[in-house]
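To keep things simple, chains are lettered A, B, C, D, E and F as they appear, and every chain counts its residues starting from 1.
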C-alpha cells in the first residue's frame, strides 16, 4: 500500500500497533483526537476529531487502507460515545465512499455479545447481546459496515477484539486474549486477500479456553499462533479466581455487564 | 393500563393506530414532533422532540406502557436520523429506566434485513443486513432494547414492521403487508402476556407470500388473521409487475436498497 | 385391536380417557395400583403394582396395545417414583418384550424440559432439562423406550403431555393445555399408522400460545383440533396474572421448578 | 403468456393437466414421444423425441413458458432413462438458452429423496438419497437446472412431485398425494411471481400426514388447498395396511426402493 | 482442595486414576463397594455401598470435590444397575446438596449414544440413543445432574467416557480411546475453572478417528494431548479387522449393542 | 489387496498417483482410454473405454478395490461428458455390483459446489451448485454412488478433489490445493477403515485458507498433513492477485464459472 491510515493512534491499542504495522505501507498516517508522539520516518501525524466530517474526509483522502482503532473503547456517557462511535463511524464510511473505498479494518468488540454466557461457543451469526452503551455503539458500527458493503461494495473486516494487551491480565483474559502479533498477522491477511467482503472475525489468539468459532472467516487464511496458556501461572498467581457467579466468570463481556449507564 | 404513551402519533402509522388503541388504557397520551389533532376523550396530546432528553422523561413519567412509533421512518440525511432514531431511542430507554420500566412496543422495521433476498425465509436470529441509514438506525434501536433488557430487565417487543397500510399497494407488499387490525391484536398480546422478555416479532399479516418465520414468538399467543390475498386482483390491476431484477423483486427491503445516502 | 391395556386407570387422566378409548379395542383392560370403578361392558379391571414384575407380565399378556398412564405424575419422594416410574417402566418393557411387542403409548411429560424458559420454541431434539425427580424419572422412561426400540424394534409413542384436563386452569395452561379429545385422536393415529417407530410427540392442543414444535411427528398424520383460546376469558377472570418473574411465567415446567426435593 | 409448451402431454400427468392448464396461455403447445389426442382450440400438438436436439429446439422456439412433464417417470433400463432424462434435459436447457430463457416448471420427483425414511421431515436443503436410476436421473435434472440458473439466470421451479393422481391409492399416498388442482395453482404461482429463481418445491397437497417442509418456497405465495384426508376411509377399505417393515411404510420412495436395476 | 472423594476406587478406572490424582487435594478419600488397597499417605479408604443413603452422606461430608467413578459400568441385570446407578446417583446428589455442593466429575459413558452409527459426528446436544440398561442408567444420571444444576446450582462435569485404558485394544478403540493422562488433565481443568456449570464432555483423546465434537466445552480450556495413532500397528496386528456389518464397525457403542438384556 | 484398479491412469492425476499407490495391492491394474506407459512390475495395463459396458465389466472383474480417476475432468461438450461421466459411471457401478462390490474411491470435484462463494465454509450436506456440464456430471456420479449404497450396500468414498497438483499454481489454489501425498494417505484410510459407507470427503490439504469442513468424515481417521502455505511466496511472485470481482476471487469453482457451454 501507498498510505495506510491508523485512527486512534494515541490509544493503548494504537500505540501498541503503531510500530508493528510500519511495514504495511510506504506511509503510515496516524490520527487521534489526543496528542500523539511526533511522526517518525514514513509516518504522518494528523490530530483530528472523528465527529468532524470535513476533518475525517481529509484524513481518508489519499489512503488505500484504513485501520480504524479510533473512538471510545470503554463505557462512557452517551454523548462522547455518540460523537465518536456513531457520528464518527458515519463520517468514516462517507469519507471512504468519497475516496475510492479503501479497505477497512474496523475494531469492533466482544462487548457486542457481552451478555452471552461463557459456556456458549459463538459463531459470527449468533445474535448480538451488547453489554452497555459502548457495546451498542459497536453494534451500530457493524450494521453501518454491512450496509456500505451491500450498497456500495465497501469492504470491511469487522474484528471483534477480545483483549488486546501484551499479556492476559486476569482469568477471563485467558479466553479473550488477543496477542498484538496475532492481530498484526490478521491485518496482513485482510490486506492480502484478493477479496475481503465484510466478514466478522473474532479477534482472539489460539487460547486453550475458547468461546468463539472463527471458521466462517477461514477463507482469509488467518491462523493465530499465540496462546494465553504460557501466562497461566502468572495469571493464577496474580489474581484471585473469580467466584462462579461473578460477572467475570458468567458473562463473555465480564465486568462490563456490571457497569451502570454513565450519566456524566 | 392507566396510561399508554403513543409516540409518533402524527405520522401515518400513528394516526391509523390512534383510534384503534383507545381501549388499551384509561388515558392515551399522544406525542409527536409535529402538530396532532386535538385531544379527544381519554386522550392527552403532548408535542415533544425525541432528541430532547428532558421532554422525553416528562412524556414517559406516569405511563405504564409505551407504543413507540416516533422517529424517522424513511431514508433521510444522517442528522435527523441520528437525532430521532439514535439519540431519541437512548432518551426513551433512559426515561423508561427512570420511570418504572413500562413495557415498550418498539416499531423497528423490515429494513434491518432489507438486503436479504426475497427467496430467503428468515428467522429472528438470522443476521441483520440493513438497507440504508434508516435501517442502520433501527439495528441500533434493537441493540439498545436488548441491552436494557439484559442489564435492567426492561421488556420490549421489537416489532419489525413490514408495510402497515390499510391495503397493500404493490406486488412487494403482497408479502410485507401488515394489517392495522393485526397490529392491534399484536399490541394486545404484548400487554396481556405475563412475561414479555425482549422478542423480535415480524410485523406481518398471514399473507400467502411469506418471507418471515414468527415461530420464535409464538409463546405470546399472537396469530395474525388478515391476508393480502383478498387484494391480489386490485394490486395486479394497479401495478406493473416488477421485472425479475428490479429491487422490488430481488430484495426484502425493496426500493430502499436503491436509495442513495441522502446528503441533505 | 383385540385387547388394549390402559394403566393408571384410576388416576385423573385414566378416568378421563377410560370412556373415550372404549372404541379402540374389543376389550379394554384397565389397571391401577388403586381401586377402580368396576368393569363395564367390554372392560377388564385388574389391580396391580407396576413394581411387581410378575404382575406386570400378567397384565401385558394377551394385549395388542398399551396406553401407559400409570406411575407417579407429580413430585414425590424418590422411593415411590423409583418403584413406579423406574422399576415399573423396566417391568413394562420387559413384559412387552416377552409378549409380542404390543405398540405402546407412553405418557411422558413436559417436565422433562421444565427448566427451559417459555420463550424457547422447542423441537423434540432439544436437550432435556428436567425440573424435579418426577421429570428425571420421565427422562429415564424415554431413554428406556429408545433403547428397546433400537435393540428389539419395540414401538412407542412418547407423548410429552402438557396439561390434560377438561379445561385450562391458569395462564400457563393457555400454552400447555391438551384437550382429552385431541389426546384421543392422537392415540387413534398412533395405532393406525403403518409404522410408528419411537417418536417424541408434544401432547398439546393447537393453542395460540405455543412453545413446542411437532413437525417431527407429522408423518403420523395427527392434527390437534382444540385450542385453549375459547377459555381465555374464564382463565383471565379466575386467575391473577402471574408476575413476570414467577415460575409460572418463566419456565415451561411452571411451579414444578419451585418444588423442593420431597424427602418423605 | 402467448404460448406455453407442455412436454410429456401423452403421459398420465400430461393428460390430466392438459385441460387444466388451457387458461395459462393463448396457445398451448403439447408434445410427447407418443401419439396424443388431436389439437383442440388453442392447442398445437407436436410429436417429438427429447433426445433429438433439433426437435427440442423447434419445440421451445416461440414459447414463453415450459411445463416439462416429459421423460421416463418410472424405473426403466439405463438407456431410455439416459436418452429422455439426461440427454433430453440437456437438450431442453440448451433450447431454452437459445430461445430467450422461458420460465420452466420442471417435474422432478420425490424419488430423489426416496431412501430417506418416512419419519424424517425434510427441507429442500437436505441431502438427496435417490432410490433408483430414475431418481438418479432426476438428481441430474435438478443439478442441470441449478447450473443454468447460476450461469445464465434461467429460472426453473423444481417441483418434486409426490403422487399426482385424482385420488390417493394406498397408505403411502396419504402423505404423498398431490391433487391436480393444487398442482395447477402452483403452476399459476410460478408464472405469476415477479421473480422465480430456481426453487425446489415439494409437490404435495396439504395432507395430514406430512414429510416435507415447503417453507423455503413460501415467497411464491402458493398454498395447497386439498388434503388426502377425505379419502382416508376409501384408502383404508381398499388396501391392506403395510407391515411396519414394508418399503411402503419405511421409505419415502416406497416400493421404488425395492425395485432392481432393470437390465432390459 | 482439602479433600477429594473418588468413588469406584477398586474398579479398573479407579485404580488407574488413584495415583494420578493424588496431587489434586491434601487428602484423597477413596471408596468402593469392593475391597481396596490400603490407604497410603494422604489417602483415606472407606468401603461403602452407593445404595446406602446414610453411607453416601458420610462419604461426601467434608469433601470439596467428588470424582464419581462408582457404580456398574457394564451390562448387568436391572437390580444391581438400579441400586448403584439409579439409587446410588440419587444418594450422591442428595449428599452433595446436604454438604455444600462440592463440584462433581461424573463418569457417564459413550453408551448413552451407543446406537448412533460411527459415521455421525455428534455434538453434546444430539439426542441420546442408549445401547442397554447400563446406557439407560447413565441417561438417568445425566438427567439427575442437569436437574440439580437447574434447581440448586450444583455443578457437574458429565464426562462421557469413551474407552479409558492404558492402550486401545481393538479397532473401535482407535476412535474411543481416552488416555488416563488426558483424563487427568480434564479433571484438573474442571476443578480449576472459575465456573463449571453442568457441561457434557466427550471423554476421548485427540485420536485421528473421531466421532465427537467437544467444542461446546472449550470454555474450560481442556485440550487432549494423546492420540491412539501411535498404537495403530499394534492394534492392527493384534486384532482381526471387523466386518463392515459387525456391531464394532457400525455402532458407536460397539458390542454393547449386541448384548441381550441380562435377566440374572 | 490382491488387485487394485486405477482408472484414468493416463491423465495428470492418474500419472501422479500411479507410482504412489503401488504399495496398496499385489497387482495394480491401470486403465485409460488413452495410451499409457507400459506395465512395470506388479502392474497390468488395460486400455478401455468407460462407455463400453463389456469392457468395464472386464476391467472390474477380479479387483478388490477401485480408484476411479477416469472420465472427463474439465469443461467439454455434452457428448464426451455424457459418454465418460454419465454412461461410464453407470457401467462402473453395474460392474462393481456384478463383481462383489469392491470398495470405490470416486474422484468427484469441487465443481459440484463451484457457484458457492469463497466466503462460505461448506459442509458436505450443503446444497450442490455445479458450475458447468462437468460439475453437473459429477453431481450425477455422487447421486449414483449414493443410490448403489442405499440399494446394494456398495461402499464409495466420494472425494471432492480441490486442485491436486505438485504445487498450488495460483491464488485460488492456496485454498484448494490437495497434495498428492495427502491424497495417498486418504486412499490408505479409505481401504483401511472397517466400514466405509458412502461419505463425501473434501479432497484438500490442511491449507491456511479453507472453505470446506471435513468433520463429517473424521470417523475415517484421515488427517491431511500438507499445507499450501509453504508455496505462498512463489504463488504471490508468479501470479497477479485477482481482482475482488474476478471469478477466481468470488466463486469456489473459480474460472470454471466463467466457462461457456462448449458446443463442440
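Note that a residue touches a chain if its C-beta (ideal position, glycine included) is under 8 Å from a C-beta of that chain, and two chains touch if they have at least 3 such contacts.
No experiment lies behind these values; they were computed from the predicted model shown.
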Which chains are in contact with both chain A and chain F? E
Enter the minimum step count from chain B to chain F; a value of 1 means the two chains touch. 2
If CA atoms of chain C are superposed on chain E, the rotation in degrees (nearest 5) amounts to 180
Where the CA atoms of chain D average out and where those of chain E average out, how many Å apart are those spots? 53
Per the C-alpha centroid definition, the whole-Å distance linking chain B and chain C comes out as 42
Mind checking the centre-to-centre distance between chain A and chain B? Centres are C-alpha means, answer in whole Å. 32
At which residue positions does chain C touch at least two other chains? none
I'd like to see which chains touch which, written out pair by pair. A-B, A-E, A-F, B-C, B-D, C-D, C-E, D-F, E-F
Going by the contact rule set out above, which residues of chain A touch chain E in the complex? 118-119, 121, 171, 174-175, 207-211, 213, 229, 241-246, 248-250
Would you pull the chain C residues touching chain D in the complex into a rising list? 155, 194-197, 199, 215-216, 218-223
Inside the complex, what are the residues of chain B that reach chain A? 78, 82, 86-87, 90, 94, 97, 112, 115, 125-133, 135-136, 139-140, 143-144, 146-147, 150-151, 257, 261
